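Inspection log for the structure reproduced underneath, given as structure tokens.
Order of writing sets the chain letters: A, B and C. Residues in each chain are counted from 1.
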Amino acid sequence: MNETEDQPQLEAADASETQAAPTHDLERLSRLVEALLLAADQPLSLEQLVKLLAPDAPIGRRELRLALERLEQRLLDGAAELREVASGWRIQVKADYAEVVARLWQEKPPKLTRALLETLALICYRQPITRGEIEEIRGVAVSPNILKTLIERGWIREVGVRETPGRPSLFGTAPQLLDDLGLRSLDQLPSLPEIKDMEQLEAALSRLAGQPVELPVAEAEAEAPPVLEAELPTDARIH
Amino acid sequence: MNETEDQPQLEAADASETQAAPTHDLERLSRLVEALLLAADQPLSLEQLVKLLAPDAPIGRRELRLALERLEQRLLDGAAELREVASGWRIQVKADYAEVVARLWQEKPPKLTRALLETLALICYRQPITRGEIEEIRGVAVSPNILKTLIERGWIREVGVRETPGRPSLFGTAPQLLDDLGLRSLDQLPSLPEIKDMEQLEAALSRLAGQPVELPVAEAEAEAPPVLEAELPTDARIH
Amino acid sequence: MSEIESSLAELPADPALAAHPVRVHGQLLDKMPDDLYIPPDALEVVLEAFEGPLDLLLYLIRRQNLDILDIPVLAITKQYVQYIALMQSLRLELAAEYLVMAALLAEIKSRMLLPKPVAEVESGEDPRMELVRRLQEYERFKTAAESLDGLPRLGRDWHLASAKPEEIRLERSLPVPQLRDLMLALREVIQRAELFSRHQIAREPLSLRERMSRVLEHVKLNGACELVDLVDLAEGKAGVVVVLLAILELTKLALIDLVQDAPFAPVLIDVGHPREGMDADGEWTEEASYE
């Protein structure tokens, strides 16, 4: 099987020119190339292809190029395409489908931590509020990362400073929070007494869930559990 | 999107007839599915596909099946094919090209030893089964390595323990086995070869003894069950 | 005899035999048994080739084109014992199962040669029966294993066709708080702080709180301003009221100051300055906060 591998390229090329391959051979050749490119983990160079094909079809580069052209034509109709890159040829999914394919690797959104939720809730209900006040109510320190994350998400913003020594920042909610919660106004949130009573809270929540709130698309997507999450590290956790 | 999934087949068929998807949509859908299957490293189930496609094409299972059929047709011409296996659908290089593709890797996939194959066969057809039972039928000890290898390949798994002294593990097949063999279910395995019936066996025994061995009929019947009920779950047989 | 067998038989067997004298039933073997076609130096390989005594027995039976049901027990036993003896003499490591089988075969043989005790016939325990049953059972799975191996397999007959997009842009999906989670978090923190008993903020509409933030932000960004700058006329009267309430609340909290330069001059809303009632950290003491 290996005898032909070491033949000089030129000879092989000459041979192919004198005895031009019939069309059906070219078809078959293009399928052999397709099989190789689909199964390979990396691009294959012309040299590699010639060598790999040698036992089935002793061919030269010229015939191979014709077969690649044929393959390119045949693929036009589907979701994949032939592409020449630095290290050779490969079959890749067309860019049109990159978005849908990316979903295969979509990460599961990390869970929001309890500390973040408590901080956010306090800002909702007690804004404008300083970090010190949040800490006082929660009874524990609030990590600067939490506030940073909340600001980055567009859920809260610094609305001013308290003119006291240290001039602590005052935080308030930002418009994105309403969008993400699917609310028109913060007034829709249950009142504090309602929250205190579990039954009333449930009633308030189902009232909110029942009304036609237009969920932004982003949220609906984020809710869908990822299909294949095994491939990527899941260490990304928001604090 | 899930509403259609649980509908009886007939209703679903009716619904689609009234609002038949335009052909170009089906074409597009079949390409989206192709892109996903080419990019995924493992088979994708109908549920996974429906979920992944939802943002682009909110479809039901029936439309998806039509798209898969379309895709199957479209692939006929090339080196790859669509195949349904236990855990879903995948696109694979046709077996015709296995030889050329195998050249991509320096090392051939190791041959499966007879010991491994026999152990696997016993687990396929007699699951759940203990190592002791496998040894009894094969007449030799089963190396722990064999079971380890089979478990590592995802072909078998421990499915429980038998509540007898020593609490031996019970082994059964695992989903990867079906996927690797390109099967949708265990039913598709070749059936276990039949054995000769006991009457014939007795006659033969008498013959080879050179003298009529007078086995009481009742005894012969009493001996028969273990052999004849091979298809039944082994639990019934053992304890 | 098959081609393989005859070709194997041609291999020089005797030198090996001379090097390792073999005794079978106490007698020295001067030449290999005729039906033992495997050269002794290949025995090690042979041992590996068989999957145990049942497999070896099956082989011996099949070699003579016999059905399991027609086992010539005597002949097979003889051959089997010869194999085992040979393997032992060559000091090949022999699995115990082979010896157990040899013992079983020897027992069967002796029973067949001896007249049967009546009791045994009645008990129906014919060891041949058990042997044949085991052979048959084993053969079924041996065959099943072969057909399993014959099935096309991923990695050998099939290969996954894979193509990835040139670039996979991973969008990290960010979590969005669920109202329920948010409420439950607040409920817990409130219970922890016993907020209800100390403060009367329940009746405050949340939009007022939000408006307080907006007023503060406006003053921070634009400096001192007038009331009209803070009112959105589109919100109507209710809007004006909320702004007013927000300003009053902020003033009470000393977050803004209301400044009037002269009588009848416009009231300016400006960033607040520390007043009495604040503690050293710039926080209001609890009593002062919400009264």
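Everything that follows uses one rule, which is that a contact is a pair of C-beta atoms (placed from the backbone, for glycine too) under 8 Å apart; a residue touches a chain by one contact, two chains touch by 3 or more.
What you see is a predicted model; the values in this text were computed from it and never measured.
Here the chain at the heart of the shown protein, by mean C-alpha position, is C. Placing every chain at the mean of its C-alpha atoms, the farthest one from subunit B is found to be A. Centre-to-centre separation between subunit B and subunit C, using Cα means, comes to 18 Å. Mean C-alpha position of subunit A lies 33 Å from that of subunit B.
Between subunit A and subunit C the centroid-to-centroid distance comes to 24 Å (mean Cα coordinates, whole Å). In subunit C, the residues touching two or more other chains are 159-165. Annotation for subunit B: residues 35, 38-39, 41, 79-80, 93-94, 101 touch two or more other chains. Of all the residues in subunit A, the ones that touch subunit C in their complex are 35, 38-39, 41, 80, 83, 90-95, 97-99, 101-102, 105-112, 114, 117-118, 120-122, 124-128, 130, 132-133, 136-139, 153, 157, 159-168, 170-173, 180-182, 185-187, 189-193, 195-196, 198, 201, 204-205, 208-209, 218-219, 221-223, 226, 232, 236, 238. Note for the complex: subunit C touches subunit A at residues 159-177, 179-183, 185-193, 195-196, 201-203, 205-207, 209-210, 212-214, 216-217, 219-220, 250, 254-255, 271-274, 278, 280-283. Across the complex, subunit C meets subunit B through its residues 51-55, 67-73, 95, 97, 101, 112, 121-124, 126, 128-129, 132-134, 136-149, 151-165. If you check the complex, the residues on subunit B that touch subunit A are 31-32, 34-36, 38-42, 44, 48, 51-56, 74-75, 77-80, 93-94, 97, 99-101, 103-104.
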